[in-house]
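Two complexes are shown next, each including chain A; its partner changes from chain B in the first to chain C in the second.
So, the complex of A and B:
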């Protein structure tokens, strides 16, 4: 028994126009990991490899202690997976799907399924054909949530949902966390969702993991410093600062390894630190992707 | 004890600081008293729909500040006594004063002027209260 819900080490996969490059990931049991990245960054490929749907060219993948893709059949009893391209049978009702899943998985919780129907505003006697995009997404999530799997793997679960539906989904995901033995991995473009509910954040860009760490520690490392720079003073390059934008006497420095001494270091050059601001995950995302792409191109 | 915490998305402070702030306010207001059990980290995370690690950080900082105590496996409770409620208020005042001093420095305002402005603010407050009576 391992205390990791999932683990990837040195996982690579080469396509003609895209390469997933030596991905390392670790998610401890009982935690939520948010996977962030721009379109085409490699989030879905990573998730498919974790689920055994795509086979890696190199590297080790273990999910709930099972080696993937070799032991995927055993692993999948305890994994709930939902992605956008998952299709339900148009001609059948949601209730038919519920009975179908229930007949396969003994972990199906019928009363929780009823509760989810109510919370998501869905009806069991509705045919899939007549459902809106948001209702389909919620139906697919209901079908995995009611199985109460040990690990939930969700590819873009909140994309295309209205604010009410998004909050319902986030609520269910955080409720999963009441049980210390359950874990969630989800990908999203919505940095606000990730910032709110993740314990662990992983950034992917152009097929590489740029950062993967504890969310609180991660947010704490980033700061924006607003500086007033008297004429004739050049700001030095300081460690931990990834970019400085200056116009006239005002400058903004972005730090990805902030320590309080950094403000003192600027003050000692003759600049005045007007304020030190925290950054949202969205601001960090944009700054980080720009920075890592600069590094690659240099 | 259903906690009525609200986290603000427009509040620029990190979520863990907002959680700390709201727990401190409950203690300062006397709603949460010494020895009272507070929700477990996981429970509060579920209630607030935020990650466990964020609540964990808030509790850790509150423990370091002496406001709560955590007994391993038994959860957390309020450590602050009524006297420390006054201390919390004091701390709050200190933070505001430092903020005022910082802004005054940015405005190149001499210390004397800041002092005068504080007196004037006190006088205005006293006058307003008189009018109410």
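So, the complex of A and C:
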């Protein structure tokens, strides 16, 4: 058995106005990967290719050891997929959907389903058309979680949810991960949600993976240095610094490979380092995207 | 695996559309009973009988295929362990059964009424079968267009073409002299033109179905 829950190598897909360009992605079993990108960055296309719903033009995709899309049926027995644009049947009750899924999956855990009903504040006899957006998302997630999939693929599941519903869903996902064999791919443009639950983070922009590493590595390596630059001193281009924005005597340098010596290097030029700040994942994402776009344009 | 996924999907469509089937059968039965009074009631009953089947033929592809895309329930179904071709087969099985059950029920009921009544001559039975095949062909075309075209626009276009072509089919069939001559015969006459027309209608259905499977199997993007 492979140690990877999913693996994409050199995956490309060309549409008229959008191209997914040689995407490489690896998710080890038992980990949660957050896939962060702006709207239209290619998150949903990547996930649809992973699910076998869209066929890649080039490249290899393996999910739970199965080649996609050829072996999608075998793979999907162990994948739980929910997306922001997925809807249940309006005219039917949640209980009807639960029975439908239970009739298909022998792995359906009825007692866990009842527990989730209680935790999410749902009722099985409620028709889907009477549910709020948050309740619908929770219902879809209940149907996915209660069949205990080995891999959860969640495409923007928290989009449009109120803070309470988001918290409940993220808490449940964190608990699900108590099972070390379970893996999650979680896409979102909300960096806070991803930061809260992910081990590994991948940034995607304009159809390209621009960075992918452990969450802690991002937070360790990215720093913002606030500098005071005396007149007549030009700041040099230093390794590990991806951008410097200077206005008058004040400058801000963004580093994507910060080491303590970097501050010394600036001091040695005559600049004064006012402070070295940690960056939030959102700031890292924005800086990363801006840097990537600058590189492409150059 | 708990049973065949295709059977589960087909049963799901049955559960979601059974009210439509019950209503169609009810309207069709009332129409056929009305036709037993003869005269204007026969004309009205005959029209309602065909209209019930035509409406069902248009509504089934809309409610089971187009709405699944429009209301975004397709992603839910395709998250299950099913391939696009298995989805297509499940749809074909369920929708064909959903149409054939009322179609056959009403057709058999009509034949029983003709056999036991005195209003409609037995010689009209071959024509009744040939005419009843038209809503079946139209349903087949609309269903295939909805499945392959994946849009409401394509289904509406197919629906317009089919619904405006019924009169042409009726007109052409009734104008075939060897068929028209036997309409009032005391017994059903299964002559070569009648058999040829029925075979051509069945062949057309087989061709549309085959093309649907062919196009579906070549699709690279399903959602």
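FYI, the second predicted complex is superposed on the first by the 298 of 298 C-alpha atoms of A that agree within 3 Å, B and C clash if a C-alpha of one lies under 4 Å from a C-alpha of the other, contacts with A are read in each partner's own complex, and residues count from 1 in each chain.
Following the convention adopted for this analysis, contacts are C-beta pairs under 8 Å (C-beta built on N, C-alpha and C of every residue); 3 or more make two chains touch, one makes a residue touch a chain.
In this text the structure is predicted, and so the values were computed from the model without any measurement.
> Looking at the overlay, does A:51 come into contact with chain B only (first), chain C only (second), both, or neither?
After superposing on A, A:51 lies in contact with chain C but is clear of chain B.
> Using the superposition on chain A described above, determine whether A:215 touches chain B (first), chain C (second), both, or neither.
First partner only, chain B.
> Check the residue A:4 against both partner chains and state whether it touches chain B (first), chain C (second), both, or neither.
neither
> Name the contact category of A:192: first (chain B only), second (chain C only), both, or neither.
first
> Looking at the overlay, does A:170 come into contact with chain B only (first), chain C only (second), both, or neither?
The first partner, chain B, only.
> Scan A:122 for contacts with chain B and chain C and give back first, second, both or neither.
After superposition on chain A, A:122 lies in contact with neither partner.
> So, A:38: does it touch chain B (first), chain C (second), both, or neither?
Neither partner.
> Which of the two partners, first being chain B and second being chain C, lies in contact with A:103: first, second, both, or neither?
In the superposition, A:103 contacts chain C only.
> Starting from the residues of chain A touching chain B, keep only those that also touch chain C in the other complex, and list them.
Residues common to the chain A contacts of chain C and of chain B do not exist here, since the sets are disjoint.
> Considering only the defined contacts, which chain B positions touch chain A in the complex?
Residues of chain B touching chain A: 9, 12-16, 42-43, 45-46, 49-54, 56-57, 106.
> Which of the residues in chain A end up touching chain C in this complex?
48, 51-55, 72-74, 76-77, 79-83, 85-92, 96, 100, 103-106, 140, 144
> Quick check on the complex: what are the chain C residues that touch chain A?
1-3, 5, 8, 12, 15-16, 71-73, 75-76, 78-83, 86, 220-223
> Where on chain A does chain B make contact in their complex?
Touch list, chain A to chain B: 30-32, 167, 170-171, 174-175, 177-178, 180, 192, 195-200, 214-216, 219-220, 272, 274, 277-278.
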